[in-house]
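In the two complexes below, chain A is the common chain; its partner is chain B in one and chain C in the other.
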Partner chain A sequence: MSDALLEVRSVSKWYGEVTALSEVSFTLGPGVTGLLGPNGAGKSTLLKLAAGLLQPSLGTVRLGGRDPFGSAAARAAIGIAPELEGFPEGMTGLQFVTAMLRLHGWRGSAARGRARKLIESVGLADARNRKAEGYSKGMRQRLKLAQALAHDPLFLILDEPLNGMDPPGRREMIDHIRALGAEGRTVLVSSHVLHEVEAMTPRLLLLNRGRLLAEGVVGEIRDLMEDRPHQLWLRCADARAAAARLMALPEVEALRFQEEGFLVETRRPERFLEELQARAAGGEVAVEELEPRDENLQAVFDYLVEA
Partner chain B sequence: MGFPAGRGVLEGFRLTLRHCLRSRRTFLFLALGAGLVALECVALVKHPPTESHRFHPLLIFLGTTVLGFSLPLLSLFYSLSAFSDDREDGTLIYLLVRPVPRASLYAGKLLGALVAAGALGAFITVGLDVATRVVLGSSPLLPALYPRFLGLLLIGTGSYAALYAALALLFKRPAIVCLFHAFIWESFLPNARGQLPNLTFSHNLKALLVDWAPELKGIVAQRRVILPDASDAGTFLAIVGGAALVAGVALFCTREWEKRAE
Partner chain C sequence: MPLYEAGYRTYAGPRPEPRFRFLPIIRMELRELWRLKRLRLPFIAAFTPCLVHVVLLYISSIGQYRYDEPLKLPFYAKYFTEPWNWVCLLLVTTAYGTALIARDLKSNALDLYFSRPVTGSDYVLGKCLALATPLLLLTMVPMVTIWGAAALLEPDWEFLGQSWPWLPKILGCALLVTTVLTIPCLAVSTLSANAWFAGGTWIVLFLFSDVAANLVREIFRHSRYSWFGLAHAVRQTNAWLFDPPRRPYQFDPEVGAGFLAALLVLSLGRLWWFKRKYV
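Entry: the complex of A and B
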């Protein structure tokens, strides 16, 4: 990626004898990227390294060419909504965002005005003068997003931003995050809820046990997994006859009946689909429904984590 | 937009002072101060100072309860508040990701703790003095002595706060180490023989107090305390306080303050 803002090169991070990240390398440019992995995969460590809160034990992290741990200028480009729930004691939402803006050089009424606008933009206008520690989980997520966006950062780090939100709030937040990516910001979102990440972006980083398992768009990652045959589910008018004809194709590795149809396993899905189309056109097979079963994020994730 | 370092100091100071003064500890300390004042009133009423007294009860209260007890206690709690609370609840992250030098945040936080502790120390001092004036009609803490005593209070608070802030960053359980220093080291070592008392803040603060307020020399003579020269005391406080400050800044700027999440 030539317009990469974040560059992570051969980064390892360990705490005593525990390895949190091992030899992780990737670059991130504008748009939303999902960071996925089970608990303990190293997601939070990676986000904190990107935010300059941790230093790598080995390797380098560069944000706009600078080390975010040591460079205050690099940190000017970062907005982070951490996973933690706490806010400084006794502060209202408005006071909190205003204080964060002052650290970015905003002053007096300009800081207060911008904070008010941001708080309104995340739907907290009515609660702005209430103490933040009394906010619900969903409101806290909104306030965290408001302070992360306060200084108009180029790079946004959102750690589990949908935790604790109700369904309408989740939809709203997903739309907001997609819009931020569309504006040209580099957004790194971590989550363990796959379908939510899928709704935000097809671009992913998959982590497991401190290793980067895969990076890219879901479909591309799936195509690269050559050791795993693709699974296609078909429903046909005469399922048994259709299955017998398709089983004869050299592209088909396995076939089993499932859910009123059958599941075909093939390592050459494009070739198989061409053959299927030809047979359907010739009236040999009457396809009523066709569905790829393992090109979704869940399947890719399961394959990679199992491996 | 201001200088990044200035912003760091100012906002670190504001947030810390706010956090310190709004905490429940502050109400406890105010109650403690009021208790000390009440205790002094009782002492003055029951045993009013007479000609036979070599020194005034207020001066004993200022030497023991303010310099020897309140000052380390206040510095300890506010320094820990400034440097441990936000690490423990994770909110330090909001400061560390900002484009300001970490050293400036450290300076602001330390300043916030110092002002909070100093203000309460001054409140207790003024309270004791006012109580003396109300009960006895006069006080030995003459107007000329006020700035000197409050200046000493500031030096003492600064030394203690710098040390406890550095300890707060150095240890996982800093409260134990700081309490040991405040109430074992600073309480028992001044009564030891030889040069050992010179290794305590309280002993050196008293040396400065006597130098700045010669009226108090009587206390020292009566108690047979051998205090160091004021210049040696000042040097000790400057070196130890300065070293603690440098160590604290170095720790804060180079260490990682994020808890391991996974």
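Entry: the complex of A and C
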């Protein structure tokens, strides 16, 4: 049986004549998944559809087998930290989280106790009795996470959770999000900052112009891009001699010198690495450093968006 | 496991589904109302006439001066459409009521509500009751206080015996004023994310209907066509409810009531359209 909590099937969404999403399908299971895309890619629309805040124009969204738009029970399993700038005026952080818990049916001291615990868990214990509208941007992000987690949801939606946070705060938040995924929650994190998402998870959904470009782990997505040769950068003791020997290999499509080393382009990286290993063992090539150059998220993203 | 098998399930396991999901919304808004300093003056002002009437009744009961207005039925029929009280209600609805939804639209707080087990109906009902509660307090409490003071300060129990059937009418009058102000005010609040704009629109609509109705009355030299003034229609309908010997306007009370009903239907339609967008 599939352990997918969220199933999105052939979903399209348009606003008047503007198509925000087109034929998007994917499933999400436990763990952290990054939702990436440039501005206007349709990330916010997709998050709203997953949270039951919008109804698709075509297709279906199912959360645990139910349509989150029409089912209060399904939405009870969602925790969302939206791109929210304003908080209810006059409320302290603690009162805000308590109020959000009351919407889930928590009552009296149980709600207050739970809210206090959550506020402490995101590092806002000292500021819990301060007005939320006076919080810094980083503190607001923490507060949003606290209210999203307050009712112990199965599915978490975090929209740009690291915006406005300082570097130590970012690290802390990334660790927190990874821990939530490791607990077995399904976490969908939207961002347009690639290295931040890369630090949280290798699993991705890549959106561009309303279309889902790719879904899966970065390395797997890269392997599927057969039209693009893999790029490996090498630094060797005698670069010219090593380059000449490697150029003779049938796996090597192109080779060019770059940054005190050279860049090899190959469509069969495993086979090339075997050959390289054999030559290194035979003393023909003295490899000092080897680095895949386009197996990171940035490269994959650039390839897909360019395509 | 599908959620429909587990019911309302969280990571830690099933929880009972919350009932009366609009109650936390009322609570949040009333807390906000309590905090709003700018509303203290209209609240005090709204209770001032009531205190004046009670003091006058007391003076009347101990001295030569006879003050018997609150002992007559028409007094209650027109109490809340007297300019002073009407302006107080206008101030409260403008400063508090028109911001109820506009503020959430501006701060994107609707995402917080509707990603939870709260439906559009829960939200609108919660906001309606959050506005209706202070309005009911402002309308019913002064009227019941004046009636109670009049009954207690009379030398015998004759007035109480005669006037106790007025109580359901007072309640009906307070409910009418509250409903007629609450629902259109909230409908106006859905029009914009800018609370100032919503407030301005509400003042213009509120005053325009009465100013235009007064103009029509002046032009025709009778009030047969001034039923579209909000205060006029409310006052005439209240008079109909209380059935006093003389009605303040020349148009049929049914016409005034029909105008108010049309206004409510229009406002409810707007609220229904708004809530339909969210679950």
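FYI, the second predicted complex is superposed on the first by the 306 of 307 C-alpha atoms of A that agree within 3 Å, B and C clash if a C-alpha of one lies under 4 Å from a C-alpha of the other, contacts with A are read in each partner's own complex, and residues count from 1 in each chain.
Criterion: contacts are C-beta pairs under 8 Å (C-beta built on N, C-alpha and C of every residue); 3 or more make two chains touch, one makes a residue touch a chain.
Keep in mind that this is a model prediction, so the values were computed, not measured.
Participant: Specify the outcome, clash or fit, for chain B and chain C once both structures are aligned onto chain A.
Facilitator: Clash - chain B and chain C, as placed by superposing on chain A, overlap.
Participant: Does chain B (first) or chain C (second) touch A:A243, or do both, or does neither?
Facilitator: neither
Participant: Considering only the touch criterion stated at the top, classify A:R185 as touching first (chain B), second (chain C), both, or neither.
Facilitator: In the superposition, A:R185 contacts chain C only.
Participant: Check whether A:Y15 is in contact with chain B, with chain C, with both or with neither, and answer first, second, both or neither.
Facilitator: It touches chain B, and chain C stays clear.
Participant: Looking at the overlay, does A:P82 come into contact with chain B only (first), chain C only (second), both, or neither?
Facilitator: In the superposition, A:P82 contacts both chain B and chain C.
Participant: A:N39 contacts which: chain B (first), chain C (second), both, neither?
Facilitator: The first partner, chain B, only.
Participant: Using the superposition on A, tell me which residues of chain A are in contact with chain B and, in the other complex, with chain C.
Facilitator: On chain A, the residues that contact chain B in one structure and chain C in the other are 48, 51-53, 72-73, 75-76, 78, 80, 82-84, 86-91, 99-100, 102-105, 147.
Participant: Give every residue of chain A touching chain C within the complex, in rising order.
Facilitator: 48, 51-53, 63-66, 69-78, 80, 82-91, 95, 99-100, 102-105, 147, 151-154, 157, 183-185
Participant: Okay, in this complex, where on chain B does chain A touch?
Facilitator: Per the stated touch rule, the residues are 1-2, 4, 7-8, 10-11, 14-15, 18-19, 22-23, 85-86, 89-91, 93-101, 256-258, 260-262.
Participant: For a test of understanding, state which residues of chain A touch chain B in their complex under the given definition.
Facilitator: 15, 20, 39-45, 48, 51-55, 72-73, 75-76, 78, 80, 82-84, 86-91, 99-100, 102-107, 147
Participant: Flag every residue of chain C that touches chain A in the complex, lowest number first.
Facilitator: 1-12, 15-19, 21, 23-25, 27-28, 31-32, 35, 103, 106-119, 278-279
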